[in-house]
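Dropping the structures in below, format is C-alpha cells.
Heads up, the next two complexes both have subunit A, just with different partners, subunit B and then subunit C.
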Partner chain A sequence: MSFIRKNLTRFLLLLPSYSWLLFAVLIPLLIMLVFSFLSDTPLGSRDVYATLKNYQTYFSLGFYWVLTSKSILTAVYTTFICLLIAYPMAYAIARRLPGRWKAALFMLVIVPLWSNTLVRLYSWAIVLRDGGVLEYALKSIGLPIQNLSILYSYPAVIIGLVHGYLPYMVLTIYVVLDRLDDSLLEAAASLGANPWQRFLRVTVPLSLPGVIAGVIMTFIPVMGSFIEPRLLGGKEGTMIGTVIEDQFVQLFNWPLGAAIAFLLLLMVLVMLTAMGLFVRRLNRTSIGGTE
Partner chain B sequence: MKLRLRLLPYFYVFMVMFFLYAPLVIMILMGLNRSPLYTLPIKLDLVWYRDLFHNQRLLSAGLNSILLGIAVAVTATVLGTLAAWVLARHKFRGKSLLQTLLIPPIAIPWLIIAVALLLLFFWIKVPRGLFAMYLGHVGVALPYVILLLSARFQGTDPALEEAARSLGASPLVTFLRITFPLILPGIIGALLFTFTISFDNFVISHFLAPPGVSTLPVEIYSAIRKGFTPEINAISSIIFLFSATLILISSRRIEFV
Partner chain C sequence: MKFQKLSFTSILILMAAMLLISCGKATQTIEASINQGNDNQIGGVLRVLNWQGYGSDESFALDEFGKMYGVKVEHDYITSEEEMLTKLRTSPGVYDVLLPNLAYLPIAVQEGLLEPIDTSMLENWNDLLSRFKDLDDIRSNGQVYGVPWTWGATAMVYNTEVYPDGIDSMQVFWDPNYAGQIAWWDSYEDTMALVGIAMGDPDPYHPKDLNAVKQKMMELMPQVKTLWASEDEFDKLFANKDISLGVFWSGSASRAATVMGLPMKFVIPKEGAIAWIDTWAIAKDAPNREAAYRWIDYMISSGFYIRWDTEVGAPAPTTQSSIDALPADAFNRAVMGDPQVISRLVWMQTVSAEDRQQWNQIWEEVKAAQ
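Let's turn to the complex of A and B:
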C-alpha cells in the first residue's frame, strides 16, 4: 500500500514538468516531421496530400546544399576562432592571474552571455556601420578610409557569432583548468618535464572535456543561427537558418520549412551523438588507460 | 623582458574583455548622444530616454516582456522544483531516461523548437500570442530549473529530512520547514534565471507573435530592420543593464561552477 502511494507521489510530482516538456518540445518536433510531408501549407481550402516533394526540393536544388554547407562552415570558423581566443583567456584567468580576481572576471564573462542577443547585435551594427564608430576611430588615428563597409558582410556575421559564443567557450574551459590538480603538474616537473611539455602533455589533455563542451555549445547553435546572419550579414548572410525563417515568416511554405528544419535537426542529433560517444571514450581512456 | 612576459596575461584578458564590452559601452554612450544621426563627438543628452516614455509600442512590449517573464519564472520554478526533488532524492526505473529527456530542449537550436511550436499550435488551434509564448518559454526553461535544483538538492543532507520525519513531521511539514529553507537560495536563483531566459528570448517569441502583440526583443528586431534610431539604443541600454543586474544577483545564488 505505502509502496503504491510512494510511487504515485513521485509520479504526480514528475507529471507536470514532463508533460510540459513533452507537449512543448518533443511533440512539436513530431508534428514538424508530419508537416514536412505535406504538399502545401494547410491554410484556406487547399487540397493537401502527403508527398516527398519537399525533401526532393532540398536534395535536388544545389541552392539548399550550398547554404547548408555555408552554415556548417560558419559553425566551423566560429568554433575555431572562439577556441583560439578562449583557451588563452581561460588559462590566464584560471592559472596566471591573482586568485582574488577570479570571481570578478568570471562574472564579467557571464554578463554578456546572458545579455540579450538582439541588444548585442544592435551594438555591433552601431560599431560596424558605414560612418559608425569603428570607421570614425580608424579615421581619427589617420588611416585613409572612405567606406569601411563591414556591416552587411560575411566577416560581420562571424564577428557577431564569435562575440556571442566566446563566453561559453571561456567558461567551459575555465572550469576544467581551475580544477586541474596542481600535484600532477608538480609530478611532471619533478620528472623533468619543461613548462611546454607540462602544458602540452598534462594541461591540454586534462582540459579536453571543457574544450569539447565548449565546442558543442558553440557549433550546434551556430548551425541553427539566423539572427546574426540576418542583422549583420544582410544579403551576404543568407544561410540555412535564414532560409527556414523565410519559409515561415515571409513565404508561408511551411512544409518546405519543416523539411529543412527537420534535416537540420537530424544533423544536430548526429553531431550530439558523435560528440557524446567521443566524450565517453575519452573518459574511459583517461581513467583506465595509462600509457 | 621577464616583466613584460608576466604582464602578457593581464594584457590579453584586458583585450578580450575590451572585445566583449566595447560595443555595448559604445551603444550605451550613443543612446546618450543628442544627434539623431549618431554624429561624433558625443553631446550628452537624455532626449532619447524621454522619447521612450512616449512610445506606446515599446512601453506595451516592455510590459508584456515583464509579465511573461514573471509567469514563466514562477511556473517553471515551481514545477521544476517538484521534479528535481524526485530525481535527486529517489532511485527508480526510467530515471536516466527522464534525465536524458532534459538534454534536447537545451541542445536543439531554438529556431527548430520555435518553428515546431508554431506548427503544433497551428495544428491544435492555439492562437499565436502571449499564451502560446508562455507555453513555449516554460518548455525551454524547465530543464534548466530541474538541472539547477537537482544539484542543489544533492548538496543538502537527506539525513535532515529523515530526522524530521522520524520526529513525527508529515512529508509536507518536512518539506516546508526543512527542505525548502535549505534549497531557498537555489529557488531564488532559478526564478531570476528563468525570468532572464524568457525576458531575453527572441527566437520563440518571434515565431509566435501575432501582428500587434510583441515583446521587447521582437520590437527591437523589427526596429533594427527598419533602420537605426537612438531610441533603440536607449531601450537596448536599459535592457542590457537590467539583465546584467539580474544575472549579478542570481549568480550569488546559483553556484555556476
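Let's turn to the complex of A and C:
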C-alpha cells in the first residue's frame, strides 16, 4: 500500500515537468526530424515525399561548411573567453568574499540575464560604434585612436556573445565552488600541500563538473546563434545559424533548415562525447581514481 | 511515399502551427470607443497582418476606424512576405485582412489562402487609377484578390549634406571613393534585381548569367559598411552618420525626412530601380468579413492617405483623389508621377521557389566569403 502511494507521489511530482518536456521539446524536435527528410514543407496544398536531398544539399555546397566551421570557431572563442573571465570571478565570489559582498556581486552577474537580448545588443551597438562610448573613453585616456571600427565586425559578435553567456558560466562554476568541502582543503594542507597545489589538485578537479556544465550551456547555443551575428556583425555576421534562420523565415524551406539544424546537433553531440571522455580521463589521473 | 494523408502528420502540423503562433506574436490593440445609435456599427475584432509601422497601425487610423464602425483593430506583424504566407498557412480562419506584395499575391491565391473580393462593395474602388485597377496580377479566373494600396520603389538614398551635388547613378556603389559609406539591404531577392539593373539587364528577374551577377556582388561587398534588415536600423545608421549612402525604400525615405528630419534624399538612378505594389487582401475564412471590406475601403480612401503622408510619410498612392490632394511638388506626385521616371522602373515579379532558393544560396555564398 505504502509502496503504491510512494510511487504515485513520485509520478505526480514528475508529471508536470515530463509532460512539459514531451510537448515542448521532444515532440517538436521529432516533427522537425521528420520535416528534414521531406521534399517540401507539408503545409497548404503541397505534395511532399520522403527524400535525402536536404542533407545532400548541405554537403554539396562548400560555403555551408565554411559557415559551419566559422560558427564552431565562434563557439570555441566565446566559450574560452567566458571561461577565462568566469572562473576567477566565480572563485572570488564563492571563496574570497564576505557574505554581503557576495550577494551584491552576484546580483551584478545576474542582472544582464533579466534584460531583453535586443536591448542588450543595441546597447552594445551604442558602445562599440564609431564615435561611440568606447571610442570616447579610450580617447579621453589619451590613446591615439582615429576610428575604432569594431561595430559591424567579427570581434563585435564575440563581445556580444561573451556578454550574453558569461552569467551562465559564472553561475555554474560558482555553485560547485561554493559547496566545496573546506575539510578537503584542510586535509591537503595538513599533508603539506602549498596553496597552489591545493588549488590545482583539489579545487580545480572538484570544480570541473561546474565548468563542464558552463561550457555546455555556452557552446551549444552559441554555435546556433543568429541574432548577435546579425545585429553586431554587419556583413561579417553570416553564420550557419543565420542560414538556418533564412530557411525558416525568408524561404519557407523548413526541411532544409531542419536538416542543417540536425547536422549541427549531431556535431555537438560528437564533440560533447569526446569532451566527456577526455574529462573522465583527466579526472582519473588527477585525483587518483575517484571515478 | 506520401506522408500527407496520414492522420499523425496532421497532428504534427498542428503542433508545429501552435509553436509558430506562440513565437513572435506582437499584437497591438486599440479599444474602439463605442458610439451607440450609429447604423454603421459592425463591432467585433478585425485582425490585420502587416509590417510594423506601415500605415495601418498608426493610432489616428485605429481611432478613426474604431469610431466609425465600433471595431477593435488588432495587428500581428511580419518581417518578410514569406512569414505572412506562413502565418496564413498555419493559422487559417484567424486573420481578416493582410497586405501582400503584388509579387507574392499569386502564390497566396494559388495556395487557396485568400478570398475573392467583391469590388462593388468598395466605395473607393473606382477612385483607383486605371493602371492599378486593371492590373492582371491582382486577378485570377476573372476575380479580384488584391486591392492596390500603395506603390513605391526600392532604390538609393544619399545624405544631402555629404553630397550637395547630388548622385544619379548606381555606379557609386562600386566606386572606391564611396567605400565604407554604404548600407546595403540584406535581401537576396532585391540584391539580385538591383545588381542586375546596375549591370544594365533589362530583365533582372530572369538573369541570364548568374555567375556574372555573383561576381558583381562580390565586388560590391568590400564597399559595403554593413547590411541592414529593418527600416529602423537603416534610419539609425544614417542618423549616426555611420553611412551616407544606401539602398532604401521610397516610403521609408519620406518617413525619415518627415518624422526624423534627416537630410535623406531618395533617387531613382538612371540605370533604373525596383518598383513594387502592396495590395490589401482578405484571408480565406476571415472571421469578420464585413469589417474587412470597410477596412480596405478606409485604407484606400484619400482621407486616410493624406493624413498618413503628411503626418508620418508614405509611399505613392494608387487613387486619383489622393494624388489630387498632394501638393504639386510632392515627391509622390512630382517624381513618382513623372512618365520618364516610371519608364525606368522594373516591376517586381513573382520568383519561383526554386529560383529563390538558388538566389538565396548565391547571396549567402557571397556573404560567407567576407
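Following the convention adopted for this analysis, the second predicted complex is superposed on the first by the 232 of 291 C-alpha atoms of A that agree within 3 Å, B and C clash if a C-alpha of one lies under 4 Å from a C-alpha of the other, contacts with A are read in each partner's own complex, and residues count from 1 in each chain.
Convention: a contact is a pair of C-beta atoms (placed from the backbone, for glycine too) under 8 Å apart; a residue touches a chain by one contact, two chains touch by 3 or more.
Computed from a predicted structure; not experimentally measured.
Participant: Overlaying the two complexes on subunit A, which is it for subunit B and subunit C: clash or fit?
Facilitator: clash
Participant: Considering only touches as defined above, state whether A:S225 meets subunit B (first), subunit C (second), both or neither.
Facilitator: first
Participant: So which one touches more of the residues on subunit A, subunit B or subunit C?
Facilitator: Counted on subunit A, the partner with more touching residues turns out to be B.
Participant: Contacts for A:I31 in the overlay, against subunit B (first) and subunit C (second): which applies, first, second, both or neither?
Facilitator: both
Participant: One more residue to check, A:V249. First (subunit B), second (subunit C), both or neither?
Facilitator: both
Participant: Pick one for A:V127: touches subunit B only (first), subunit C only (second), both, or neither.
Facilitator: In the superposed model, A:V127 contacts subunit B only, not subunit C.
Participant: Is A:A50 touching the first partner subunit B, the second partner subunit C, both, or neither of them?
Facilitator: second
Participant: Which partner chains sit in contact with A:L191 here, subunit B, subunit C, both or neither? Use first/second/both/neither.
Facilitator: A:L191 contacts neither subunit B nor subunit C.
Participant: Of the partners subunit B and subunit C, which touch A:A92 in the superposed model: first, second, both, neither?
Facilitator: It touches subunit B, and subunit C stays clear.
Participant: When the two structures are overlaid on chain A, which partner does A:A104 contact: first (subunit B), second (subunit C), both, or neither?
Facilitator: neither
Participant: Just one of 25-33, 205-213 or 241-249 in subunit B runs into subunit C once the structures are overlaid; which is it?
Facilitator: 205-213
Participant: Using the superposition on A, tell me which residues of subunit A are in contact with subunit B and, in the other complex, with subunit C.
Facilitator: 23, 27-28, 31, 35, 129, 131, 249
Participant: Can you name the residues of subunit A that touch subunit C in the complex?
Facilitator: Residues in contact with subunit C: 23, 27-28, 30-31, 34-35, 38, 42-45, 47-50, 61, 63, 66-67, 70, 129-131, 151-152, 230, 234-238, 243, 246, 249-253, 256.
Participant: Would you pull the subunit A residues touching subunit B in the complex into a rising list?
Facilitator: The contact residues of subunit A facing subunit B are 7, 9-10, 13-14, 16-18, 20-21, 23-29, 31-32, 35, 85, 88-89, 91-93, 96-97, 105-112, 114-127, 129, 131-133, 136, 163, 166-167, 170-171, 175, 178, 216, 220-221, 223-227, 231, 241, 244-245, 248-249, 254, 257-258, 261, 264-265, 268, 272.
Participant: Contact residues on subunit C for subunit A in the complex?
Facilitator: Subunit C residues touching subunit A: 1-4, 9, 12-13, 15-17, 19, 79-80, 82-83, 85-86, 89-90, 111-113, 184, 188, 221, 224-227, 229, 240, 242, 353, 356-357, 360-361, 364-365, 367-370.
Participant: Hey, which residues of subunit B end up touching subunit A in the complex?
Facilitator: Where subunit B meets subunit A, its residues are 9-10, 12-13, 16-17, 19-24, 26-27, 30, 38, 40, 79-80, 82-83, 85-87, 90, 92, 98, 101-105, 107-113, 115-120, 122-123, 135-136, 138-140, 142-143, 146, 171, 196, 199-200, 202-203, 206-207, 217, 220-221, 224-225, 228, 232-233, 236, 239-240, 243-244, 246-248, 251, 256-257.
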